[in-house]
Amino acid sequence: MASTTRPTLLPGDEIPSSLIPSHPTKPLRLGPGLRHLPPSQILPTVSGQLITLPQKSSMWIEYNSSRYIPTQSDLVIGTILRSGPDFYYVLLSPFTPPATLPHLAFEGATKKTRPQLNPGSLVYARVTLANKHMDPEVECVSATTGKADGLGPLTNGGMVFDVSLGFARRLLMAKSKEEGKIEVLELLGGEEGKLSFETAVGRNGKVWIGSEDIKTVVIVGRALKETDEKKLGVEAQRKLVRKLIKEMK
Amino acid sequence: MTATSEPEAALGVLPRADGSAKYSHAGYTVTAAVNGPIEAQRKDENPYEAHVDVIVRPAAGVGGTRERHLESILQSSLSHIILIKNFPRSLIQIVLQVEDSPENDYVNTKLVQGNLNFAIMPALFQTAVLALLSAGVPMRATATATAVAVVFHDGVKRTVVDPSPREIEIARSVHVLAFTSHDELLLAESEGDFIVKEWDEVYETAKKICCHSAPADDGMQMALDEEAAAGPDMRHFLRSTMESKVAADLYWK
Amino acid sequence: MATISSAVGEDQPPQPSLTFTRPVFAKLSPHPYLLHTLSPSDPSVPSSRTNGRKPQEARKIQINTSSLSQAHGSALVRTGDTTVICGVRGEILPVSSIPQFRADQHKNYNYDGEDKRIEQGKKELLEYDLLVPNIELATGCAPQFLPGVPPTTLAQTVSTRVYSLLHSAGIVDVEGLRVWYTPAKRDEDKMEEDDREEEELEPEVKGYWVLYIDLLFVSFDGNPFDAAWTAVMAALRDTKLPNARWDPDREMVVCEKGEGKRLDVRGLPVACSAAVFLEKEHAEDREGDRHWILLDPDRQEEGLCKEVITAVVDCSGGQGETKIRSLEKQGGTVLGRELIRGFVGVAEERWKEVAAEMPQ
Amino acid sequence: MPLDTSTYSLALLRVDGRRWNELRRLHAQIRTQAAADGSSYLEMGHTKVMCVVTGPSEPGPRRGGGIGGGAGGQSKDAEVVVNIVIAGFSSVDRKRRGRGDKRTQEMQSTVANALAASLHTHLFPHSQINVSLHVLSQDGSLLAALINAATLACVDAGIPMTDYVAACTAGSTSTYAANDESADPLLDLNHQEEQELPSLTVATLGDSDRVVVLVCESRVQISRLEGMLAVGVDGCKQVRELLDRVVREKGQRMILEGTVEKGTGLNDLD
Amino acid sequence: MPREAEPSLNEKQFVIQALQENLRLDGRELEQYRPLELTLGDQYGVADATLGKTRVLAKASAELTVPYTDRPLDGIFTIATELSPMTSPAFELNRPTETEVLLSRLLEKTVRRSNALDTESLCLIAGQKCWSVRVDVHVLSHDGNLIDAACFAVVSALRHFKKPDTSMEGGVLTVYTAAEREPVPLSWLHSPFCVTWSFYGEQGEIAVLDATWLEEQVRVGSCTISLNRHGEICQISKLGGTPVEAVALLQCSAVSLTKVKEFSTYLDEKLAEDAKRRNKGGLLAELSAENDR
């Protein structure tokens, strides 16, 4: 149940002022799930756990959901719907208006050399514009460096699996093993499985897994989905991996 | 058969919906799916706010005028607690499927019924709120609802919480009230024959059920026991339901 | 007043600024305009609505009855630019064509006393669908209702509300709708069980009058329910059903010529609606914001308000307290307990106005 | 026990005097409509249908529900849209079937998906092939007749296809209850037989044994299935031959006397 | 109306490649069903069937009405299948899609035309009064193979359903409320079930059972076979799609029979369980009813 330091809050709940970080210099930064009602009221808008980082003077609500709402500089996996005069239209989550991806927003792309993507191809991209009044925009190249740094079309086969947004976020954590408590990938890739595969994780709840071996992709995919859906802890993950590897043999 | 006295709820029962909930109380069982924010149809597009679309589907037969009416009541109340301004030009779709409703053993059910089915409103409302919470749709506040009937039994007046269809049939007046978690009256529907004084009493009873919140730390069980007489403690029920959901979601924290 | 200059085309001679006349302003940005008129800058001017009414002022109501010769009862009700016609027509429904008809219905309840009788009556009305209201808005009475389209949500909502109120308020006594027959010969009375409300001779219910209550909006300028309900009440009170009797030889119900007897209508509930107008149009509303309760809102005001309330009260009992027949509030949180209490008072005032207009 | 089978067991002849593996007279023509891109007229016994094909062409306005199968929706292949009109006078009891009639809609999507399996729809991206069928007279094996007619019309329209989709019905002399091994399979059922006996409609691609359509709407022992299917598939091959002949004869004429102008009279073929 | 998005090229490709290696994304065998689960409601005639993430709720109900003039001796039996936005936002009310039409046709043929329910027994007074039995199919969650799930739910609901008891005395029909007399079950003749095959590959040579939504989106053809446990075929429909060897179809039908037998045993068990559960509850209900009077 609710711990004193990290209370579980429902929309509209009072946030005990003691918990609101008051940093001498840094201004207070509100993360997802919170809204500020001038002058000084801060209210949760979703149900989840209140996380506060006094030293960073930031606070947000930790929660899990399944409908992706684009946010600036998120990494996402999208499906090309069609190509316009100078944009591709990219679907980030079902039944939402497509995001736009400029034809030239690829590494080293010029009018001539830009990649030709058919409807249905997958791209790994970054959200550059997210604004409730406009449709989102994405890019496959960092505007600053001009490098792709891993972004771009996911051409070489593979498979995408849908996971919950919270799980995708954990996968994307710098130390996804320590903080996110996700080990399956390491285990499968490491001693346990000795499988070789590559992954790309989209904040919009999509994980792409590529490998020479079809079976590998299936195993990895199942491992991820089960860990997410069955909410497996580290120990259970180890069991699962062992089981899957046995099946494979 | 036997109507459950305490409300029960399960969240995320429909794996393919953004949010979902199954809620059963007082013999009613309702399942809700929430999708959104998604692309709105031309006709529903609003440049300033999200369009909230509520669809009520009866267990048997096709929805008629009374479902439309229920929908419009729920729609206006839910749009008030959802932060619709956050998602202009989009659609938040709430589909409520009635699965079970208590039968009146003294009447053979008719499929097509025109009159407003009061007692089902709290169930529909509560399910919708739970489903919205499970979908993580940003909201101004949560809300709870209940139904109260004033029954004259051989000259003696009783206020009945969560009345059975039978009790509604013989009730002098029936009331449905919903309160936000800020103790504001969000929805009030009453019919029958009553006076202001009676309504006041009803208001008190309903408010107790919807807004009396037991301290968060004590278990829900005992809270229910002490409330058993006056009916369930809806707000506490809602909270503990969500707390266990969040705890489950963030098991890795 | 709003002033814009950018909107002026290049071709026209440049103007310093262009100001709107009141009606144009009202059309362009209704919310600020209504806000403006409700909270006039100089205190001497009384707060009023775009339509010139005071916040708590309802539109004058006019009621004419028996205007339709074909219907058994009819009424035309008009409040401001909302005009509705109601026609009541009775049709005979022989029990033989009610599949779920139970001759011994009332035996389920060994009731006695008026309450139980009324309750049983309500039950019969419901089970056999003896009251059938229908609302027609698709007459082009307002821009949003195009002729020939399926009934709008509004139409369906209003008809459900009328239907529910008709039943819950027990306006019509089922006794007035029953067609009785007392068999001459004793040997065939196994056909029917005896009926609790009658004496020892054992009459049978052979049929019912079904009342088709059709409402037609001729023009629509907001607050449909109040007008519709008033029309229903007036029309019912105006209704005369021909005398009907069972003809055992022809095995059917026959109606007699000429003026029938007046339908007896219980009480006089009157509906009174209002909408809540908030200070902020798009921004978050918060405590301390001002709001106005606009009685009997017109179409434009309904467009600007989300929270609405309707109270149906009946003071015809005379002695003692006002009876509330229905109370509906939704769409917001401004109207709390106190305001609603107060509003019932407003409804009582409205009742007096309407009752005065209601023909006897 | 159905009437006709009892007589059948004596003479091994069916109500209309056919043997068990006998097709009814199948008469067909192509190029019957001057206006259409492709057209055909086909009789199987007293079941008479005509078909008109227009396209591949710009997709028209989407109809509600979009009953049309094949490639379907947003993919790049051409969409096959079938529309069936059953004339009121086509059957004994004049029953009007509305647009919404689900049975007709089912037949429409069946024919559409059957054709889509053979037509090279990928050659005509973002376009639509409209097939409209008119039922003039019904005497059993309706779906089969519709499929055959549609195939012919598509051939006439010159739309590239893998092979003919030929269809016919097969039945069995046993009722579903009786599990008698003596029961014989029957080929190409007429209305009366369809009413009284279990039956199924088969459509195959070319002269292979590969089944495009298999529709059975009556109760029958699973043990009967193999026999009926075998007879049906065999019947389809016969039908294919007949269709093929129709096309070749027409083709020959075109070579002899230059192109036959469309809409030559109905009886100019023997 | 927002339309269902097609799966990406990668997904299409991969699913097929995997199937060619006899692999499915959820690790099932090609001819293996997802776990089938049935929950019977507290009310008679409510059945909730789940196949993995596919979930269908069927609700049977009966009311008195007048028979159709052309069939005065038969009661009325209808199966209503309306796919609501709950199934997927792509479905709109009062706008039947092809999916919906085919689904309702299949149920129609499997359950109604195969005379699983004896409609004559629903007639009370010839030409005047009869029962109208109606099953409403609600698809709560759609992850492929709606047909099999829906069919199972419908049959379960009807087997579980009880209608009010009636009596005829001297030409007077009395319909008893549940309080007066325990309701009675329908007269049920046989229980048909649907088994749906999906085909993949150039020649449609790969046959798969109980396809998920993703698998359905990339299949080249499908065939639904309806049988009862006695090995009677009630309906077969392969409505076009890539041609499949006749022999393969015969094999499919054989396998289907074994599946159907599994279904019907499972259903029988469930119904028995429920009956046992009610016996206890039944008494309690009786008592509480007494108190009400």
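Per-chain residue numbering starts at 1, and chain names A, B, C, D and E are given in the order in which the chains are listed.
Throughout what follows, a residue touches a chain if its C-beta (ideal position, glycine included) is under 8 Å from a C-beta of that chain, and two chains touch if they have at least 3 such contacts.
Here the structure is a predicted model, which means the values were calculated and not measured.
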Check your understanding: Going only between touching chains, how few steps reach chain E from chain B?
Key -> 1
**Study point:** Chain whose mean Cα position lies farthest from chain C
**Key:** D
Review point. Using mean CA coordinates as chain centres, what's the chain D-chain E distance in Å?
Key: 30
Review point. Between chain A and chain C, what is the gap in Å from one C-alpha centre to the other?
Key: 54
Review point. Measuring from the mean C-alpha position of chain C to the mean C-alpha position of chain E, what distance in angstrom results?
Key: 43
Check your understanding: Where the CA atoms of chain B average out and where those of chain D average out, how many Å apart are those spots?
Key -> 55
Check your understanding: Can you list the residues of chain E that touch 2 or more other chains?
Key -> 2, 6, 63-64, 89, 175, 177, 179
Practice item. Would you mind listing the residues of chain D that make contact with two or more other chains? Key: 74
Study note, to complete from the structure: Flagged in chain A as touching 2+ other chains are 94-95
Revision key, fill the gap. Chain E contacts chain C in the complex at 63-66, 128-129, 169-172, 174-175, 177, 179
Point to revise | Contact set on chain B toward chain C in their complex | key: 48-49, 65-66, 68-69, 71-73, 76-77, 79-80, 85, 106-108, 110, 114-116, 152, 169-170, 175, 180, 182, 184-197, 199-200, 203
**Study point:** Residues of chain D that touch chain E when the two form their complex
**Key:** 64-69, 73-75, 100, 102-103, 105-106, 109-117, 176, 200, 204-205, 208-217, 219-223, 225-226, 229-230, 233
Exercise for review: Flag every residue of chain A that touches chain B in the complex, lowest number first.
Suggested key: 1-2, 6, 8, 10-13, 33, 35, 43, 45-49, 62-67, 69, 94-97, 132-133, 166, 170, 180-182, 229, 231, 233
Point to revise | chain D contact footprint on chain E (complex, rising order) | key: 3, 6, 95-98, 101-102, 104-105, 108-109, 113-115, 203-204, 221, 223, 227, 231-247, 249-250, 253-254, 257
